[in-house]
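Across the two complexes that follow, subunit A remains constant while its partner is subunit B and subsequently subunit C.
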Partner chain A sequence: MRRLLGKILGIVLVLTIVLVLSVSYGKETVKITIWHYLNDRDKLLKTLAAQYYLKTGVRVEFQLYSGDQMGAKIRAAAQARTLPDAWTGVGLKGDLSKLAQAGNILNLTPYIKDWVSRFPENIVAQVTFTKDDGFNVEPGTYGIPLDVNNMQFLYNKDLFKKAGLDPNKPPKTWNEFIEYGKKLKAAGILPFATGFGTWAGLTMIQPYEFAYLGEEKLNAARMGKITFKDAGYVKVLNLLVEMRDAGMFAPGTATMDLPTAEQMFANGQIAMIFDGSWAIGVFKMMNPNFKNYFVFFPPKDERASYQALIPGGIGAYFVVNKDSKYIKETIEFLKWLTDVPQQAKYAKESFNLPANKNTIDPRTLGPQIAEFVKGMDRVYSYLAPYKNPRTEEILIKGMQLIILGQKTPEDVVKEMDEANK
Partner chain B sequence: MRKFIDKIENFIFVIPALAFFITFSIYPLFKTFQMSFYQWDGITKNMIFVGFKNYIDAFKDPIWLKSIKNGFILSFLALIFMNSIAFLLAILVNSGIKGAKFYRVIFYIPPILSGIVVGYIWKWIYDPNFGILNGLLDILNLSHFKRPWLSDVNTALISVSIASMWQGVGGSFILFLAGLQSIPEDLFEASRVDGATFWQQFFYITIPLMSRTLMIVSILTILGAMQLLTIVIPLTNGGPGFETEVPALRIYKEAFSSYKFGYATALSVLLGIMLFIISLIQIKLRKVD
Partner chain C sequence: MKRDMHFMTKKIKFSRILIHLFLISYAITCLFPLLWMISTSLKSTSEVYTNKSLIPQSLNFENYIKAWTEGNFSIYFTNSVIYTISIVLGIVIVSTLAAYAFARLNFPFKNIIYYAFLMMMLIPIPGAFVPLYVLLVKLGIQNTRIGYILPMINSGLSVSIFILKEFFEQIPKELEESAVIDGCGKFQVYYKIMFPLALPAISTIVIFNALSAWNEYILAAVNFTDPNKMPVQQGLFIFQGQYFTRYELLMAATTITTLPIIMIYLSMQKYIVRSLTGAIKG
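Take a look at the complex of A and B:
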């Protein structure tokens, strides 16, 4: 009898363990990890993730990393195969192609084909590879856009007024721009700064690269098919000389990073800045009382033969890890995140232009954002990679030395051509 | 037989530590050396063997050579100024001044701060528009000395050097202090009885008995200055131009900005060999002394 009882108790014990294990296995929660660099939107993304958890039971953890170091972090994690389920992409096709070739990111085409039309075609094209585009990647879309942006000049209306300039008439031509700079300087106001210490300085001259060289010549020079000298790049860099000679650069601009320039603009310490549409949210975070500023398109240089095109297009976008355990769940979350209600909340709280075209309602946009929206038609669609990536660094450093009067545009162009051989 | 078993037993105890050492030191070192002979972007599986090309390119690369030159300038400045200040502070604290323990703690705070934090602190100090250095010059009626310290090609490297010395002085100070405290007090007492002055004690007792510490501090200073990275990134990121480019920053940029991982590892190997030779020379010189 005792032995029978023992056996029964043993069976009950085993059954209990099996039951407990199976219940806990069945309740396994899905946890998706997403790395991002959207410092000003971290809280918002986490709020949306919490909302999604309540709705679906799927946990999404957003982890914030420095924007400047994100690229290095991705590359290191790709080597170690420790990438998260998804992350905000850094760079465009040049960087994406390497991750795609290494099998780190997923071709999203089969997963998003039913809802990709919610994004403008030219935006999706920035993260889509085609058969003969030279990137040697399996054709398809590899990114899900979160927002769109473009970069233009912004100016402080109060400081314009203080310098005797009409605060409702920003400069339309390059000559006016230089004249405005001189007037601001004469009134004791620092006219201009942007992030010449980093990538942001490059973006300021890009509209004029297109204006002076035209798309064809510019891309040919970048790919090393013709020299920058022959393409006439000296004229582009001469614009920096003209700005320098007019005393337009705030002290320290040569090595300044963009956040420092943004802080100075938001504090009313500089009159103009070259920045992206995302800066509206950044200014609000830095100085909530700073509102009297506006946006203007890069002033037309009458000496240039082509139309100026501005940097922009896809802003933040997500890529998905090809080896993720939760591919389906991650894409479902990104689909939800880029749906109209979430995009509307994102746009309202972060002051960024949503990627979902059905979300943009011009009637509800603030004046600065509305101005940036107008610029979306004049965003360039393609910029060829440099033959040697170091050329870009030579250009950034060369621009710094031109601003400081240590080098001439001719010196810098010569160095660029040597680097891009 | 027993001896052999004992040896095996002893070896078994060493295996875990040995395994860690091989996995985390020897293997990465070997791998770095191996990668330096390849052209590789750091992500794709496409690695092309290029032999010594990366090493040959390094010797022709003006930016790399400039970064090495800057590294030597930073080392030289740190050796002379940072170590002199550290030595002086150590002597003062060791002389039994009031609050010696307090100073010992205070001087050691900068070395335990992250380089990035130190970089941002000094960036704020040097800021040309609202930094405290230019503000102080205004207050002292020395406005003509005001300048964008980090954007001026004439002052950028010196400014980086001052920030790195501020962080490093505490480390040298602690080592010097330990060295001073290890000198037997009776040597000084005996010399005092013989009528030796402070300077005679300094040159004939302190300096000779501190020679080993001086050598260690010098080696560490050169190694630290040549590998400077985290302070430079927030301060100047190597600019203006390449005026503050340092070897570690160059290696980082080649690997993570230019996608030239093979070349970056070749630069790392060259830097490692260079630092090894410098350390050997210093140790050799001390033996000759």
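Take a look at the complex of A and C:
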């Protein structure tokens, strides 16, 4: 009897082993491939993918290509239908619409409707097509944001203290900003620099374009419907005159590029800079010991009638292959990746602002990133193109000449109006 | 008379000084980027932005070690050596044979085929990589080394055949005729007589094609999905972040990638000068 029982148990054991082995052999391992160009975040994304594998058993392989190569690689792979399961989008709606029209990317709306609210509406709008937007794409959301950015002022707390200013009270009004600049100058500290030699100078005056002109007038002037003079643009450029007269610009600011200004700020050579949220990572690379700085929203100008809005928007985002074998699994992974714990880790380690608006805890994000996150609500959503793109060049040169004292705001506005006719 | 001679000598001396001044300034213009690259590769991160001088404050040789390890150069460098040797070898073998045939043999549609080859010069690889990639996928050789090497050989053929055909046509036919009298067949004439005589032109082809194969990365990026098959150029962009470029490491990596090409050029410059000055005539 005992032998019979032993035999039965042995057979049951063997059968169980065979069954378990056959089930696990037959089970297909899910492997998702994602192409990306975020070379400074490659290791971090791979670490998160490894974490996801331990949690779910789904393998996610991030493959890194340079930003220059990605466009070409996607075009070729789209033709041959060998696109990966997902990839980081290159460009915004113009590029996205071509892929959507060709049926290469998935309309994500039905898949993300329950959790899309975790992203700010103005960010989702940047990867969403509507019925009458002229892109001729099936309405819906085609991208899942990974990070966002915006541009604000940053200041060095140690230099503020050295100039007798309260390091925890950055300027709130334009008058205070100018006064702070004068005090810094008097203490022998260079008050301010940013990349006026490049596009970065334009972004510094944008909050005040919105504040003085308002969204409607500003866009009308850019599109050539009204003149910049009539819109009151001289007042915007006068702010540069006020800064210049207060001696706020560091030598060379008129033609400076942003990395040079960033290096000066990270080295403690200037007290304030206007820069993007990404600068936090840049400062860390340039000078790992530089930590005592903070962020402030463009100071309110009492003379302006409208709210200041800052430049910013979506950073990196993912699109999903319409022909992917693993659509459900890919979207599940992206949902997990953009959930609060992963977004906090991503923001803390990569110094990029999380796309998930619920990721706001300064203890996990770090104080500077958390402060930048607060500004996401005041990012402008639309800026019309200039009627004549040369107007932008004239504005950049004009701002440089105002800083150098070689032109007046009236001269520059006149030239802008002539170009933008 | 003596006064005229003196004036002439002075004039010649003056024009020589002018020529030398021009050549020296041209050489400085060419060398400056190289010097800047080496100088930057030895600076620290913050010094790159603050010290505009060509002389670094301290010599950070560890940048080279970092560039090599962080850029995965042990993999990419080996791959590039394999690709460059295979591509150049393939181009030399095919183009010398084809150019010899175009220069010396008579066969139907010779000129049409030759001009068809030349027309390929008008189509650069970046302009053709989408259909090329589709073809590689259909042939099942996408993401393989051979799928990268074959199109690269193809892209170098037209210019190489053009240069070699012109060179072969300048070689006196009597040399071939003597070889035939001595009992050489057509292939023996090719590899015992024509190939050695064409060495100056071949070295030009080697250097130009080695340069383009070594520097190529777009086709590699399109073709490969396996990072372990990527060439050395892939290692360079690792130091170019979305918002911040680590110039000291990028320049150290660029110096590393430039060295093999400089070595090839230096070892072959004698032949290149001979080929450009047309050494074999009459």
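Here is the rule we use: the second predicted complex is superposed on the first by the 241 of 421 C-alpha atoms of A that agree within 3 Å, B and C clash if a C-alpha of one lies under 4 Å from a C-alpha of the other, contacts with A are read in each partner's own complex, and residues count from 1 in each chain.
Criterion: a contact is a pair of C-beta atoms (placed from the backbone, for glycine too) under 8 Å apart; a residue touches a chain by one contact, two chains touch by 3 or more.
Predicted, not measured: the structure shown is a model, and the values here were computed from it.
In the superposition on chain A, contact of A:Gln63 is made with subunit C only, not with subunit B.
When the shared chain is aligned, subunit C comes close enough to touch A:Pro259, but subunit B does not.
By the touch criterion stated above, A:Leu38 is placed in contact with subunit C alone, subunit B being left untouched. Shared-chain residue A:Ala77: touches subunit C; no touch with subunit B. When the two complexes are overlaid on their common chain A, residue A:Lys98 makes contact with subunit B while staying clear of subunit C.
When the two complexes are superposed on chain A, the residues of subunit A that touch both subunit B and subunit C are 72, 75, 79, 260. Subunit C contributes residues 45-46, 49-50, 126, 129-131, 133-134, 137-138, 142, 217-218, 221-222, 225, 227, 234, 237-238, 240-244, 246 to its touches with subunit A in the complex.
Subunit A meets subunit C in the complex at residues 33, 37-40, 63-69, 72-73, 75-77, 79-80, 82, 84, 259-260, 263, 266-267, 276, 278-279, 281-282, 285-287. Residues 71-72, 75, 78-79, 98-99, 101-102, 104, 190, 197-198, 250-257, 260, 264, 269, 388-390, 393, 397-398, 400-401, 403-404, 406-407 of subunit A are the ones touching subunit B in the complex. On the side of subunit B, the complex with subunit A involves touching residues 41-46, 127-130, 147-148, 150-153, 156, 236-242, 252-253, 255-259.
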